[in-house]
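Each of the next two complexes has chain A plus one more chain, namely chain B in the first and chain C in the second.
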Partner chain A sequence: MELSFYLYLAILTPLILSAVIALASPVLKEKSGWVALLSAIISVGSILMVAFKMELPGSVVVSTEWIPSLGINFSFLADGISLFFGLIVSVIGVLVIFYAIHYLDRGTRHARFYSSLLLFMAAMLGTVFSNNLILLFCFWELTGLASFLLIGFEFQDSSSRIGARQALLVTSSTGLLLLVGFIMVAQVSGSMEISELLTSGLPLEEHKGWLTAAMCLVVLGAFGKSAQFPFHFWLPNAMAAPTPVSAYLHSATMVKLGVFLCARVFPFFMELELWPQLLAIVAFGTMVIAAIFALLSHDLKAILAYSTISQLGFLIGYYGLGPVTGVEYDYLHILNHVFFKGSLFMVVGIVAHATGERDIRKLGGLMKRMPLVGITCLVAAATMAGFPGTTGFLSKEMMLKEIFDAMGSHGLLGLYATICVIVMSVVKVAFSARIFMNIFMGKEPDEIGHHYHAPSFALQVPPLILAACAFIGGVLPIIMEKAFALLTVPGINIAPGHLVIWHGFTPELVISTSMVIVGLVLYWVGQKTNWRWADIPKTFRFDFAFEYGLVAFSKATKLITSGLSSDRPMNYLPMIFAFLIGLFAFFFAQHFSSLDFLRVVEWKIDYLRAFVAALIALAVLGALILKRWTTQLISLSIAGFLTCFYFVLYQAPDLALTQILVEAVTLIMILLLLGRFPKSAERGEVSKRCTRTRQTFNTVAAVSMGVLMTLFVLMITVDPHPDPIGNKFLQQTVPLAEGSNAVNTVLVDFRGFDTMGEIAVLVIAMLGCLGLLLRYKRTEEEYKAGPMGPPGFGIDHREEGE
Partner chain B sequence: MQIETAILVGILFGCATYMILQTSFVRILFGFVILSNAANLLVLSMSGDPTGKSAPIVRDPNALMVDPLPQALILTAIVIGFGMTAYLVLLLYRLFLDQKTTNAAEMYAETEQEH
Partner chain C sequence: MNAPNSFIFQAVVRLIFFLINIFAVYLLQRGHNWPGGGFIAGLATAISLILLSLGIGLKSLHRIMKIDPARIAFTGLTIAVLIGVAPVLFGHAFLEHFSVHFQSPILGEVHIGTALLFDSGVYLVVVGIAAKIIFVLAKSTQGLGGLVREEQRRYSSVRERPIEEDAPDEQMEPESRERKQ
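Up next is the complex of A and B:
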C-alpha cells in the first residue's frame, strides 16, 4: 500500500465513521463507543504505518487538487511534528474513547457524543497534517465547531451552553484572524503550501512590516485557541463538558493547536523582532497568571484548566525564545504535559463520578476507597510538580537549563522569562500537592460516604496507562530520546541532547529543589489558613465582561433594528414620501440654473383648458375637504369625468373614451363598497385624528410634492424635442399597420407586447380580487370573538424583546 | 409649455400625497385614484401643447398632429390603474370583514396598548 493511502485512511476513517455513527444511532446506541474506539485504533495504526513507510527524519507531501487556480489543495505534509501531534491525537483518542465508554451513563446520547468526538478527531488530524494554509484553517475551524458540540453536549445546563458559546466565539473569531494572517503570507510569498514556504522562506527583508502584521494575526489565532491572555477565560468555562471531552480537547489536543501552530510557523517568523517579544511577554505572563489562578480555584476541573493554560503559556513562550537552529526539548515538554494532564483529568472525572463532588474543599481521604486512582493521581501530580523519577522532572530540569541560556541570549526578556518560570514552578508545586493531598489524604468528609459508589476497574485503566508512561519515561528517558531524534524537523527543532535522570549537583538541581521546598511551604500555609483567601479577583474574570458584552451587543442590535423599523405599516409611507421629495428637491437643486426659463418664456394661456383645469382642481380639493365618504366620492367622480374633457382638449379621443368607461365602473364599484360599510365606521373615522406633528408633516409633504411636480412638468415641457418618436408612428401607421388611428396601432401593432403585459396585469389583479372574495367561513365563536387582530401572521416583533 | 397643466398636475399630486398619508383606508383609496389621474396628466403633458394640432388619426399625412405615444402609454396606464383600484376596493372590503375597521390607526391600536 502507498503511504498516501495510510495518511488518508488516518484522517478519513474518523470522519466517515463519525457520519456513520450519527446516521446509525438508533441501531448502535451504546455500542457506538466501540465503533469509535475501532476508528481511533485504525487511525493510530495508519499513522504508525506512515511513519514506518517514510524515511525519518524527513518529510513527505501528499497532494490532491481542490481549487488549483487559487492555490488551495488537499495537500498533506507528513513530517516529524505532524506525526508527533498526530500520534498524540490518535493515541489519546483511543484512551479517551475507552474511558468514555465506561464513563458515560446509560441513557445519555452516546451516538451524538461519539459522532462529535470522531469529527473532532478527524479535524485535529487534518489540522496537524495539513500542508496548505487554507486547508489548515478549514480543519482548524472544524475543531472549533466540533468542540462547540462537545462542550455543549449537556445542553440542558445553562453553564454548558454559555461555555460552548464562549469557546466557539473566541476560537472561531481568532481563527478568522488566522485566516487573514495566512492570506497575507500567501500574498507576498505567492504560495500557500507549507512545504514550499519552508524551502523558499518568507521575503522578510522586502515585506517586513506586512509580514510582522501577518505574524501578529497568526499568533493571535494561536492565542485564542490555546487560551492565552486575554483569551484565557474560555477554557475554564469549557469544563462544563463531560470529563472525557475535557481530558481530550482541553488538555491533550485542541488547546495544543496553538502550540502546534507556533511550531509550524516558527521557521517563517522567528527572525522577526516582534516574534520573541510578543510570544514571550504574553505567553510567560499568561503562564504565571494562570498558575496563580489555579492555586486560587477550588473546583477540581478549574484548577486543571488553569494549570493547562499555564503550561500552554510555557510551551508557546518556549517557541518564542527558540534559537535560529530550532528548539531542543519541545517534544519532551509537550509529551510530559499530555501524560500528566490527561491522567489528572481522568482521575478528577473518576473522583467526581464516584463522589458527585468537584469542590476540592469538600473532598478528602479517598485513598482507602480508591487506592489505584490514588496512586495514579500521586504519580501524575508528582509529574506536574516535577519530582524526580517522572518525565516532569526531566522537563523541568531542561526548562530551567534552557531558560538560563535564554537569559544570556535574550537579555531582559530572558530575565523576565526566568522569573516567570520560577514563580510558576513554585505555585505549580503547591497546587499539585493540594490536588493529591486534599483528595486522597486526610479525613474523609461524612457526605462522601452517602453518595459514594466505586468506579469500575476499566475506568481506572486509561489514567493509569498515562501515569505509567510518565513514570517509565522519567526512569528510562532513553526510550523517548530515540523517538524524538527521529521526529526532528529542520528549522523547528533539533535532536535533543542525552536525557539522564541525574546530572550531578548542578545549579538547576539546587534551584529546582529549593522551588519544591518553597512550593510545599506555600501549600502548608494554604492548609493552615484553610485556603480562605483563595479566590480569583473579579477584574481578571474576563468571562463576565465577555458575557456582558454579548448581552449588550444583542441589545444594541435590537435597539437599532427597532429604531429603524416600525410595526405599523403606515409609518413607512411618510418615509417613502420624504425620500421621494428629497430626491426631487435634490434634482432641482442640481439643475437650479435651468429654471431661469421661467422668467424668459412668454406666458400664454389657453383659456378653455385653464377653465377645465380649474374645475378639476376644485373638484379634487372638494374631495379633500368634504367630510363624508359619499360626497368625497361624488367630488372625485366629477374630477374624473372632467379629466375626460381635458383629454378631449388635448386631442386624445381614445383616452377620453376609456376614461369615461373606467370612471363609471370605478364610481359604481366604490359606491358598492361604501354601501357595505355601516355608518358607525364612517363616524369612527372622524374621531380618529392624527397627531399635530403628523398633520403638519402631511401638509408640508403635500405642498412640497405639489410644487415640485409643477416645476417638473414645466421643466419637461418648456423645450420639447424637435422630432419626437411619435412622428415615426404617425408616418408608419398607415403603410405598416394599415390603420389610421396612430394610438390604436401603437397599442396593438407597434407595442403589442406591452398591451399583452397590460392584460396580464389585469388578469393577475382579477385573480387577486377573487382570492380576496373567497374567504373561509368563520364559526359563530370566531364572529363573537370580534376582529381577528392586525395582519402579519400573528407575529409581534416587539414582544420577543421583553 | 402648458402652465395650466403643470399647475393642475401639481395640485393633483399634492392632494393625492395628503390623502395617501391619512390613516383612513377609504381616503387612501381616494388618494390612489387621484394619484393615477395625476400621473396620467403628467405623461400627457409630455405630448406638448395641442393648440392647432389635430388628434392622431391620420387622414392627411401633412396635417399637424399631437404625439400619439404618450396617449398610448396613458391608455395602458388607465387600464392598469383601474385594475389596481379594483384590487384595493376588494382588499378594503375584505379588511373590513376581518378587522371590523376602516382605519389603520384603529387596526393597530390594540398592539399599541399592549406595549
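Up next is the complex of A and C:
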C-alpha cells in the first residue's frame, strides 16, 4: 500500500465513522464507544505505518487538488512534528475513548458523544497533517466546532452552555484572525503550501512590517486556542464538559494546537524582532498568572485547567525564545505534559465520579478506598512537580538549563523568563502536592462515605498507563531520546542531547531542589491557614466581563433596532421617500435638460395594456378606500394578479406563472396571519388616527414617488443597454445547457450554484420561523374566547357572543 | 382547522388536489425546455396541500401525510447538494449537468438529465417549506401550539417557552396524544 493511502486512512476513518455513528445511533446506542475505539486504533496503526513507510527524519507531501486556481489544495505534510502530534492525538484518543466507555453512564446519549469525539479527532489529525494554510484553517475551526459540541454535551446545565459559547466565540474569532494572517502570508510569498514556504522562506527583508502584522495575527490565533492571556478565561469554563472530554480536548490535544502552530510557523517568523518579545512576554506572563490561579482554585478541574494554561504558556514561550537553529527539547516538554495532565484529569474524573464531589476542600483520605488511583495520582503529581524518576524531572532540568542559556542570549527578556519559570515551578510544586495530599491523604470527611461507590478496574487503566509512561520515560530516557531524534524537523527543532537521570551536582539541580523545598513550604503554609486566602481576584475573572459584554451587545443591538424602528414602515418610509424626492427634484431643477428624454419617448396608447393598467389602478384605489382589511387585502392581491397580464403581454410565461402562484400563496399566508390580530383591528378600527397634515404629506410623498418611478422607467426604456446579458443566455441555452427554456437553464445550470444557495437559505429561514412561531401571544380576552379561525375562510370562524 | 360540513366542498377539493398535482408534475418535467420548473411546480403542490387542508381539516391531513413537511424540504436540499457534488467525484466541475435525449413511442422526444433531478430538489424544498409554514401558522392562529411537543424540542432551544407562560397545556395535548397513537 502507498503511504498516501495510510495518511488518508488515518484522517478519514474517524471522519466517516463519526457520521456512521451519528446515523446509526438507534442501532448502536451504547456500543458506539467500541466503534469509536476501533476507529482510533485504526488511526494509530495508519500513522505508525506512515512513519515506517517514510524515511525519518524527513518529510513527505501528499496532495490532491481542491481549488487549484486559488492555490488551495487537499495537501498533507507528514514530517516529524506532524507525526508526533498525530500520534499523541490518536494514542490519547484510544485511551480516552476506552476511559469514556467505562465513564459515561447508561442514560447519556452515547452516539452523540462518540460522534462528536471522532469528528474532533479527525479535525485534529487534519490540522496537524495539513500542508495548506487554508486547509489548516478549515480543520482548525472544525476542532473548535467539535469542542463546542462536546463542552455543551450536557446542554441542560446552564454552565455547560455558557462554557461552550465562550469557547466557541473565543476560539473561532481568534481563528478568523489566524485566517487573515495566513492570507497575508500567502499574499507576499505567493504560496499557501507550508512545505514550499519552508524551503523558500518568507521575504522578511522586503515586507517586514506586513509580515510582522501577519505574525501578530497568527500568534493571536494560537493564543486564543491555547487560552493565553487575555483569552485565558475560556478554558476553566470549558471544564463543564464530561471529564473524558476535558482530558482529551482541554489538556492533551486541542489546546496544544496553539503550541503546534507556534512550532509550525517558528521557522517563518522567528527572525522577526517582535516574535520573541510577543511570545515570551505574553506566554511567560500567562504561565505565572495561571499557576497562581491554579493554587487559588478549589475545584479539582479548575486547578488542572489553570495548570494546563500555565504549561501551555511555557511551551509557547519556549518557542518564542528558541535559537535560530531550532529548539532542542520541545517534544520532551510536550510529551511530559501529556503524560501527567491526561492522567491527572482521568484521576480527577474517577474521584468526582466515585464521590460526587469536586471541591478539593471536601475531599481527603481516599487512599484506602482506591489505592491504585492513589498511586497513579502520586506518580502524575510527582511528574507535574518535577520529582526525580519521572519525565517531569528531565523536563524541568532541561527547562532550567535552557532558560539560563536564554538569559545570555536574550538579555532582559531572558531574565524575565527565568524569574517567571522559577515562580511558576515553586507554585506548581505547591499545588501538585495539594492535589495528591488533599485527595488521598489525611482524614476522610464523613459525607464521602455516603456517596462513595467504587470505580471499575477498567476505568483505572488508562490513567495508570499514562502515569506508567511518565515513570518509565523518567527512568529510561534513552527510549524517548531515540524517538525524538527520528522526529526532528530541520528549522524547528534539533536532535536532543543525551538525556540521563543523573547529571551530577549541577546548578540546575541545586535550584530545582530548593524550588521543591520552597514549594512544599508554600503548601504547608496553605494547609496551616486552611487555604482561607485562596480566591481568584475578580479583576482577573475575564469571563464575567465577557458575559456582561455579550449581554450589553444584545442590548445595544436591540436599541439600534428599535431606534431604526424597522418594524414600523410608516415611521421611516415617508422620510426615505421625502429625501429621494427632494434629491431628484433638486437635481431636475438644476439640470432641466436632463428631462429632455421625455420628448424622445414615443407616446402611443395600446388599448389592451391601458385597460389592464386602469384595472390595476382601480384595484390599488380599492385598497385605499375599503375599510375592512380582508377586503383591502383581496383588492391589493387583485392588483398583483393583474400584473401577470403584463408578463403575458411581454411573453414571459414563466414569470406570469410564478407571479400567480406566489400571489396566491402570499394571500393565504397573510390571511392566516391576520387571524392573530384582535377583532377590532380587523374591522378597520385604528387606535390612533394620523393628523390631517400628516395625511396630506403622506399622500403627496406617495404620489411624487410614483411620478419619480415612472420617470425612471421611461428614462431606462428610452436608452436600452447596448449589450444586455440576456442575449448570451438565449444563445447558449441549447448548446451549453441542453434545454430550450432559458429561464430554467439559468436557474438550474448557469446559475445553479446561486439556486442551491437560495434553497439552503430557504430551509434555514424556515427553521428560524419555526423557532419564532413557538412564541405566540394573544390577549387575555381572546384566550377566553377560545380557538378562533382565520377571518375570510368562512370556516370555524367564531363570532363574538357565541 | 376542522373540516367544513360540506360534502360537495370536500369532494371537489379531493378531485382538484389530484388535478393540481398532475399539473405540477407536468410543469416540473417540462421545465427545462418549456415554461415550468421546480419552483413553480413546488408552489402549485403547496397550494394543493393548502386546499386539501381546508377541505378535510388539518388534523386529517396530518394523519394522511405522516411525513413532516420539514423533512420533505431537507430531503430536497440533500438531493440538490448531492447532484451538485456527484460530478466532482467523477472529476467534473461542481454542478455540471448531464442529460440524455431519445425518442420514445408514446411520449415523443424525452429529455432526462441531472438538471431535472436538481429541479426536483428545488421542488421538494419549496413544497416542504410552504406547507410547513402555512400549517404551523394555521394552527397557531387558532390558539393551538403551532408545533407539537417533539417538534418544539427540535426547532427551538430547550429553554424556550411560549410567551404565554401560563398557556394551558391542554390545548397542545390533543395533538401530541394523537401523534402517539
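Just so we're on the same page, the second predicted complex is superposed on the first by the 567 of 802 C-alpha atoms of A that agree within 3 Å, B and C clash if a C-alpha of one lies under 4 Å from a C-alpha of the other, contacts with A are read in each partner's own complex, and residues count from 1 in each chain.
Here is the rule we use: a residue touches a chain if its C-beta (ideal position, glycine included) is under 8 Å from a C-beta of that chain, and two chains touch if they have at least 3 such contacts.
Predicted model, so just to flag it, every value in this text is computed and none were measured.
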* Asked: Between chain B (first) and chain C (second), which, if any, makes contact with A:156: first, second, both or neither?
  -> second
* Does the superposition put A:650 against chain B (first), chain C (second), both, or neither? -> first
* Asked: Looking at the overlay, what does A:213 touch: chain B (first), chain C (second), both, or neither?
  -> neither
* Pick one for A:472: touches chain B only (first), chain C only (second), both, or neither. => neither
* Count the residues of chain A touched by chain B and by chain C, then name the partner with the higher count. => B
* Pick one for A:741: touches chain B only (first), chain C only (second), both, or neither. => both
* Asked: Taking the superposition as given, does A:752 touch the first partner, chain B, the second, chain C, both, or neither?
  -> second
* Asked: Where does A:569 make contact in the superposed view: on chain B (first), on chain C (second), on both, or on neither?
  -> first
* Asked: A:702 contacts which: chain B (first), chain C (second), both, neither?
  -> first
* Asked: Of the partners chain B and chain C, which touch A:662 in the superposed model: first, second, both, neither?
  -> both
* Structure fact -> Residues on chain A touched by both chain B and chain C 653-654, 658, 662, 665, 669, 673, 676, 740-741, 743, 747, 755, 762, 765-766, 769, 773, 775, 786-790, 796
* Can you name the residues of chain B that touch chain A in the complex? -> 1-15, 17-24, 26-27, 29-30, 33-34, 37-38, 40-42, 44-51, 53-59, 61, 65-72, 74-76, 78-87, 89-94, 96-108, 110-111, 114-115
* To do: Sort out for me which residues of chain A touch chain C in the complex.
  => 155-156, 653-654, 657-658, 661-662, 664-665, 668-669, 672-673, 675-676, 737-741, 743-745, 747-749, 752-753, 755-756, 759-760, 762-763, 765-767, 769-771, 773-778, 782-783, 786-790, 793-796
* **chain A contact footprint on chain C (complex, rising order)** => 1-2, 4, 27, 31-40, 43-44, 46-47, 50, 54, 70, 73-74, 76-77, 80-81, 84, 94-95, 97, 99, 101, 111, 113, 115, 118-119, 121-122, 125-126, 128-130, 132-134, 136-138, 140-147, 151-152, 155-158, 160, 162-164, 171
* **Residues on chain A engaged by chain B in the complex (per definition of touch)** => 567-570, 573-574, 577, 601, 603, 605-606, 609-610, 613-614, 616-617, 620-621, 623-624, 629, 632-633, 636, 639-640, 643, 646-647, 649-655, 658-659, 662, 665-666, 669-670, 673-674, 676-677, 681, 684-685, 688, 690, 697-699, 701-703, 705-714, 716-718, 720, 724-727, 729-731, 733-734, 740-743, 746-747, 751, 754-755, 758, 761-762, 764-766, 768-769, 772-773, 775, 786-790, 796, 798-799
